[in-house]
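Can you read through this structure? Questions will come right after.
Each chain gets a letter, A, B, C and D, in the order it is written, and its residues are counted from 1.
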Amino acid sequence: MTVLKRPVIVVNFKTYIEASGPKAIALAKTCESVAGDTGVPIAVAPPMADLASVAQAVKIPVLSQHMDDVKPGSTTGHIPLESVVGCGAVGTLLNHSERRMRIADIGSLVGRCKESGLSTIICTNDIGVTRACASLEPDFVAIEPPELIGGDVSVTTANPAIVKDSVDVARKVCPNVGVLCGAGVKNGVDVAKAAELGTDGVLLASGVAKASDQRKVLLDLASGLGK
Amino acid sequence: MTVLKRPVIVVNFKTYIEASGPKAIALAKTCESVAGDTGVPIAVAPPMADLASVAQAVKIPVLSQHMDDVKPGSTTGHIPLESVVGCGAVGTLLNHSERRMRIADIGSLVGRCKESGLSTIICTNDIGVTRACASLEPDFVAIEPPELIGGDVSVTTANPAIVKDSVDVARKVCPNVGVLCGAGVKNGVDVAKAAELGTDGVLLASGVAKASDQRKVLLDLASGLGK
Amino acid sequence: MTVLKRPVIVVNFKTYIEASGPKAIALAKTCESVAGDTGVPIAVAPPMADLASVAQAVKIPVLSQHMDDVKPGSTTGHIPLESVVGCGAVGTLLNHSERRMRIADIGSLVGRCKESGLSTIICTNDIGVTRACASLEPDFVAIEPPELIGGDVSVTTANPAIVKDSVDVARKVCPNVGVLCGAGVKNGVDVAKAAELGTDGVLLASGVAKASDQRKVLLDLASGLGK
Amino acid sequence: MTVLKRPVIVVNFKTYIEASGPKAIALAKTCESVAGDTGVPIAVAPPMADLASVAQAVKIPVLSQHMDDVKPGSTTGHIPLESVVGCGAVGTLLNHSERRMRIADIGSLVGRCKESGLSTIICTNDIGVTRACASLEPDFVAIEPPELIGGDVSVTTANPAIVKDSVDVARKVCPNVGVLCGAGVKNGVDVAKAAELGTDGVLLASGVAKASDQRKVLLDLASGLGK
């Protein structure tokens, strides 16, 4: 059973300087504050080096950005599951577009995370890979339809089928899988639209991390899931 | 100018469970205490996820176990230099035997670390690679002669030439490079012997991290460099 | 439409010296001869460096052992799809246990191979990964149940459910997918048993490549699929 | 002792479609013909899949574009040294900018190639890496000064120090190492200039592979080294 509620807003800090070191803790606290004020669940994925310090600083769910399918011990410079657990994180992103993973490792880690009670969010890039990853039965897949990446097209303005088809494909092979919209989300209207199309929330990064007023952006995003 | 003094004892926590999460902070504090009590410089390299929390917890030098040659920002799940700096670490291991690196990345990172005032320790596995890595002019190379890895042979009992030749090779291409003995060191006698053979200290891991009495082992090791 | 018939025996030459260079061509010709004599389809996957020369030497299907998801041109040292096509091969193994691949690359390559008329065989290691890979709709999955790898247990002596469950899982998400038994097959009896359990043939390596009498082993294997 | 004469023109076919499959053999034969007509040594590095077929087709030196530091046998999809030897190639490029390698693997392979009588050409990208790689004592380093890559600047028009400094650095740590100019060479004048600056020849790719008249370009290049 995943510790991540649905719907949820997952904020990936990537390795932005604006979200690293002391600023990682500050942003995590802002997320925690907005989650508390709005009642909308927010989870954070800080830079790898800040994982333990952020996990100690806040009570909202903290996720690793990556995990290596290795054992603890003689694996210098890697991120084993035990390291993620040991520092107080409750789950992990897997296969982010900036850190693609081998299918054998993803499959192994989803199984190991389940046994350890860690939540898994597998990032996917097209319908076929979404279907394949959902069939591994993670807690979530975070879909990033190519049509929505990096441009001005948002989930609100795009053809609704782009998101809806991914949701359908994922749920068909794994009825209980959560689906996050991982691209094309910039504001509360987009978040609401993503939810309307059947997703369980959003995964976003620069929109929050690089905002001049991070709190304001988070409040707007949360309004899209507000009751 | 490196912030690491010479000689120095560098403790690599690897990803041992006994040196992860709260236990990473505990071990780092033990190292700090022994360094304070004995006057022998000790630096620590905790698991990646614990880097910031350990760097906040102690005043002795904290090193990253690895660094990726990437820019900060859109590099989810990686360890850019800026992330290491941002969380308060002062240097990094590079090319550890459990995390071998591409020569182009090592070369680039040594240069970038110099500009940022971070110390670099490149791990090497034989005479040729030691020579190559020393020629990149890092602060330290940590030599791991194959003859000394994983067996009962220690630097004290082995043919002295095994260590001495590596030191000579490294210093010939880079007169100022520090040389750490990265294998065959288990106690204070070995540390003293390593120093006698011309090294500037030692890099070790399980001998400390997995010890039933970590403090006792550290005190013994420090005695090998004691005045 | 795949050019590989069903059932089929796929012989992976790996990089065995006994199946490299001129010996790769010799073994491919033996496979061709046995296929001709018995009427049982046999395909071969020679070492990467021998791909073109083997493809020129025989008329049976020749497969690449691997493919990189890169474009032709500035990809020195890689194996783009165009290189495989250009030298006359008709398909490729993907995700072999000795060359695991990222899910995004496998997904992309299955699609590109379909467009180019190349057959794809994705190797898988457990039920979950088999399901995930079959959902990408390759021509074949080659299942390697961990219980059957590297020991004395063959598909004939093992619990039949080990193979049958994989076949069922694969066919459920992709009804037309071919399924090869990739482990636990040493002789014609095993091949017949694998077919009886619902597979479309076998993928094997050392049993043929390292045999003192390669032709004799091939004839025995083929007898398992003989009419 | 390397089988590559000095000076030499090394043509990297990369994975250009214009130099793959039957066209790889055709281009290799053109290189062989020009080498014969002009007396200027030319070596070729065809796409991996074409290595054996090209090595069989011509008598000039054929090089692998890459080599993996693995053993022959259970290394499906890799390029072990034995595979390169087995198909008749006489050497290899290592660490090409499109296929960067780990220093430990380069070091190991240079040693193994020496034992097997294979020539090694390590590609390098800056002064530091050139120095490091030359210290491994390969047969050649192929320097690619960043200033000369991908633009209109050629070795003839650039500041002579850019090439000369690399040559000096390499020769200082390894007096007998051959040095190839790996960037900024487009015609015979550039080849002559590169030789004048102390190199032992050139490594080039698209200028030949993508030329509308490959023979004409090769003749022009060879004229730069002609007697």
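Keep this in mind: a residue touches a chain if its C-beta (ideal position, glycine included) is under 8 Å from a C-beta of that chain, and two chains touch if they have at least 3 such contacts.
Source: prediction; values computed, not measured.
The geometric centre of subunit A is 37 Å away from that of subunit C, both derived from CA atoms. Here the CA centre of subunit A is 45 Å from the CA centre of subunit D. For subunit C, residues touching at least two other chains, in rising order: 97. Taken as a graph of touching chains, this assembly forms a single closed ring in which every chain touches exactly two others. Chain pairs that touch, as defined above: A-B, A-C, B-D, C-D. For subunit D in complex with subunit C, the residues that touch the partner chain are 12, 14-17, 20-24, 45, 47-54, 56, 64-66, 70, 72-80, 82-89, 93, 96-99, 205-206. Listed in rising order, the residues of subunit D touching subunit B in the complex are 95, 97, 100-107, 110-111, 125-126, 128-129, 131-133, 135-137, 173.
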